[in-house]
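Below you'll find a set of structures to go through.
Look at the two complexes coming up: chain A is in both, with chain B in one and chain C in the other.
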Partner chain A sequence: MSDEGRYDDIKRKMRRDNAIFIVILTLSGAAALVEYWLGIGGPVFAMIILFFVAFAVVAIFRMLMADRMLKKIPEYMPDERVMKIDTYARSLSWYVTFCLVCLLVGLTAFHIIDPGAYLTLILIFLVMGYSWLVFKWYYGRKGDVQ
Partner chain B sequence: MRTRIKEYRARYNLTQEDLANLVGVRRETIVFLEKGKYNPSLKLAHDVAKALKTTIDELFIFDDEEGSIVEER
Partner chain C sequence: MKGVFLKYALWLGSAFVFVSLAAMFFMDRIDILALVAFAFGMVIVVCTLSRYNQCGSPEDERMRKIAAFSLMNSWVSGVTLMSMLLVLMYFKWGRALSGVQVICLTIILMLATFYGWYLYYSLKGDVE
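This part shows the complex of A and B:
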């Protein structure tokens, strides 16, 4: 296979992995919320566990393979701008999640809502994952983090 | 911040892709550098200047710098 064909193949695989990552994040969050609101245990709970395990497997695979795969494709190579944006997006994602936790603590302390540990974990899971993706997309389009 | 990367690139007949490969970054990074939207590290600025056979202060022009040059004159 030519270099170009191999690069296209790697790009396709990376796009597929990204799609799987987002689908699993969405489905596991949605399943967890449905389970929480409808109070359905059993198969739904097993499905959630399955999604979380699959999510973890994909995440670990991406972490281990991403650098090796990216180094083969100059246009996907994580240069200083991409790494800077990724680091900034992770920091902001942590900050947004921290603000959410502060808000939940305040609302719970004043007995306005009582989300419980399970709903709090689902919210943190979704907010952290999605805010990271959104910030990465936004600063990637903007060009820099300043 | 403004840059003269495009001007120097044209001088040496280099595409954005060529320059990106020379300094080891993505083409998008060169695009944002040329637009003055990305503030590069000192190392990247040095690498770009070296690839274009010039110096950092020739390549990158800061807005306040333009004022001080006029005042000096």
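This part shows the complex of A and C:
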């Protein structure tokens, strides 16, 4: 396969992985929250959650692998701007999540809320995923991180 | 000089945060003393990190890049470890954790992975 063909193939896979990641994140979050609030437990929901979480991890690894594969074709290196946007989106997402967890400490300390372990973890997981996508979309539309 | 000061401020803040979080984790409640120490440490850590990242204007572009890449890798490690913890908790494998313990563990995890990557890139010299 030519370099151009390989590049298109990798780009297509990356787009597909992005779509899979968003769908899985939404479905796993929704399933987990429904399970938490309605208390519909049982092995079926457990399998659904395991399936979604496992796929989320696989999607992240696949995205990283696709990025590494792109770097192997020198003519089609992703441009500096795109890489910078992704790096800043993830670092700002880290920052947002960190602030959220600190806020949770304060709210829990003053007994304003008392989230269980399960809900806390799901909340953090969802904020990490969505804030990354939002920042990526925002900087992508803006064109640069400056 | 400013960079050296920021570095020591970050270590001091982190020490406060880690000690207070460890206390909260093992006591399984948020003590007022631990909360004050945590808040003090957090203010220092957040201010220093924002300076390192992009909100301030660090003089060294290389260090800014290292900080951004460390945060990014810490994010990836965090998502992976969080999802693993979620599965472990759902199937009740290992010790059952409370909400406070999960919060403490998350902060410790995020800071520890960030510092780990930061040290790795700093010793390496660059992110490439």
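Assume the second predicted complex is superposed on the first by the 103 of 146 C-alpha atoms of A that agree within 3 Å, B and C clash if a C-alpha of one lies under 4 Å from a C-alpha of the other, contacts with A are read in each partner's own complex, and residues count from 1 in each chain.
One rule holds in what follows: a contact is a pair of C-beta atoms (placed from the backbone, for glycine too) under 8 Å apart; a residue touches a chain by one contact, two chains touch by 3 or more.
Quick caveat, the model's predicted, so the values are computed rather than measured.
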| item | value |
| --- | --- |
| Partner chain(s) touched by A:Y118 [first = chain B, second = chain C, both, neither] | second |
| Contact breadth on chain A, by residue count: chain C or chain B | C |
| A:S93 touches, of chain B and chain C: first, second, both or neither? | second |
| First (chain B), second (chain C), both or neither touched by A:V82 | first |
| First (chain B), second (chain C), both or neither touched by A:V101 | second |
| Chain B versus chain C as contact partner of A:D144, first or second or both or neither | first |
| Residues on chain A lying within both footprints (that of chain B and that of chain C) | none |
| In the complex, chain A residues that touch chain C | 32, 46, 49-50, 53-54, 56-57, 60, 64, 86-88, 90-91, 93-95, 97-99, 101-102, 104-106, 108-109, 114-122, 124-125, 128-129, 132, 145 |
| Touch list for chain A against partner chain B, complex | 74-77, 79-82, 142-144, 146 |
| Contacting residues of chain C [partner chain A, same complex] | 30, 32, 35, 38-39, 42, 46, 49-50, 53-54, 67-69, 71-72, 74-76, 78-80, 82-87, 89-91, 96-103, 106-107, 110, 114 |
| Residues of chain B touching chain A in the complex | 20-21, 24-29, 32, 35, 37-41, 43-44 |
